[in-house]
Amino acid sequence: MAVRIQTEDFNAGLEISQLSAKRRDIGALVSFVGLVRDLNDGDAVSQLTLEHYPGMTEKALEAIVSQAQQRWDIVDALIIHRVGVLQATEQIVLVAVTSAHRGQAFLACEFVMDSLKTEAPFWKKERTAAGERWLEAKASDDEARQRWNPS
Amino acid sequence: MAVRIQTEDFNAGLEISQLSAKRRDIGALVSFVGLVRDLNDGDAVSQLTLEHYPGMTEKALEAIVSQAQQRWDIVDALIIHRVGVLQATEQIVLVAVTSAHRGQAFLACEFVMDSLKTEAPFWKKERTAAGERWLEAKASDDEARQRWNPS
Amino acid sequence: MKIKIFYFARLKETLKFSSEDLELPDDLDGLSLLKLKAHLANRSDVWRQMLMGKLKVRGAINHALVDDKALINDGDEVAFFPPVTGG
Amino acid sequence: MKIKIFYFARLKETLKFSSEDLELPDDLDGLSLLKLKAHLANRSDVWRQMLMGKLKVRGAINHALVDDKALINDGDEVAFFPPVTGG
């Protein structure tokens, strides 16, 4: 299990290969890559600045991974999240999960992303032609996270 | 949209990067890599032979991708499936889906895998110390596919 | 009518061949996949066990998965194989 | 009691600083996050609007997300920030 916060870009393919190469009992690897779209809410986005809370961010992500491990039968998990200034089409985040079985890997990977979106202290500021604006949290992200709570 | 059947290995990372590099409106890329586990049903697996039905396989996979496109708001999708003789820890299949939004990409990618497992004409033969055996279809795969049918 | 039949995986290994061209008398009621199976099953116990035995067999006509009721036409490509196990 | 407070994103830009060390009289009933917000809100309208206004503010104590009822102890690291938007 590993969690990394960094300003540099990452090589998603290399990270994925390394994760699956570590063990021989992996049947499934599910990964998510989040990218900066050039358009958000109808406005052209020229760049995105990602701020975070050093110290808390790592703990929040580790707690999310450890919840995923408790709930699903996963072999390994990796989260890489970038901070700083990013341009359109750049990679923001990678979440990769390995498991013996695909269903478990899909569930754990989506759970990690939904939790990260609502619990990890990152904030995005967008620059468009109209100036800069902090993105607001989406109700749809809260709803996505709610699905994972026992009902 | 692309579907490839091949004996050679693939570079999952490169394929994923190429898929996301094609467009500027992609916010999410979900991918699945299936690998040969060294253990199945308690027996050590030394190699796996994948047979398929040339002609039908491509059509079946294209039909699955086209259903995914109709059901979810996805930008692009890629399926690469290997055939022939594979060793433990080798890659079998890659499914990658891009979308503006992560929820749609997760759903479409898992749908493609569940459909591929039950509708695409591939058959696996395992070699263990006890000899060779054709794998049997799993009820759990049928159930996974059933979830996607309107109830 | 003339059809081509392909066999895959376990079936191909049982038969030791993978395809055949078959000429059949025209069937006025239509030749269903089930009727074709019954016709082939009459060849021998090996054929009967392979196509109508305990292990499930799936069929395709012209590259599309079909059920036993599906009708076969002159020139069709038919295939028999076990439930699929790819991915 | 002495605490450290961090501010992030919109809050940091509003204040034009990102952290402060604060000394507070000991509160016998315990200092909740809500009481701390009310204390800071008394500094000015800008503070009130920022912490008790329409836009939601979340709080953390020692790197853990907490709600308004959570109690703050001497030496704690407190943080205020908008709902998160990473990923």
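A, B, C and D label the chains in the order they appear, each numbered from 1.
Note that in this section contacts are C-beta pairs under 8 Å (C-beta built on N, C-alpha and C of every residue); 3 or more make two chains touch, one makes a residue touch a chain.
Since the model is a prediction, treat every value here as computed from it, not as a measurement.
Asks: Considering only chains that satisfy the touch condition with chain B, which of them also satisfy it with chain C?
Replies: Where chain B and chain C might share a partner, there is none at all.
Asks: Which chain has its C-alpha centroid farthest away from the centroid of chain A?
Replies: Here the answer is chain C, farthest from chain A.
Asks: CA centre of chain B versus CA centre of chain D: separation in Å?
Replies: So the centre of chain B lies 48 Å away from the centre of chain D.
Asks: Mind checking the centre-to-centre distance between chain A and chain D? Centres are C-alpha means, answer in whole Å.
Replies: 26
Asks: If you average the CA atoms of chain A and of chain B, how many Å lie between those two points?
Replies: 23
Asks: Return the residues of chain A touching two or more other chains; collapse runs of consecutive numbers into ranges.
Replies: Each of 34, 102, 113 in chain A touches at least two other chains.
Asks: What parts of chain D, by residue number, touch at least two of the other chains?
Replies: 87
Asks: Where on chain B does chain C make contact in their complex?
Replies: It comes out as residues 34, 50-53, 55-56, 59-60, 81, 92-93, 113, 116-125, 134-138.
Asks: Show me the residue ranges of chain C that touch chain B in the complex, using the header's touch definition.
Replies: 6, 8-10, 12, 56, 60, 63-65, 79, 81-87
Asks: How about chain B: which of its residues touch chain A in the complex?
Replies: Against chain A, the touching part of chain B is residues 11-17, 20-21, 24-39, 88-89, 91, 100, 102-103, 105-106, 109-110, 113, 140, 144.
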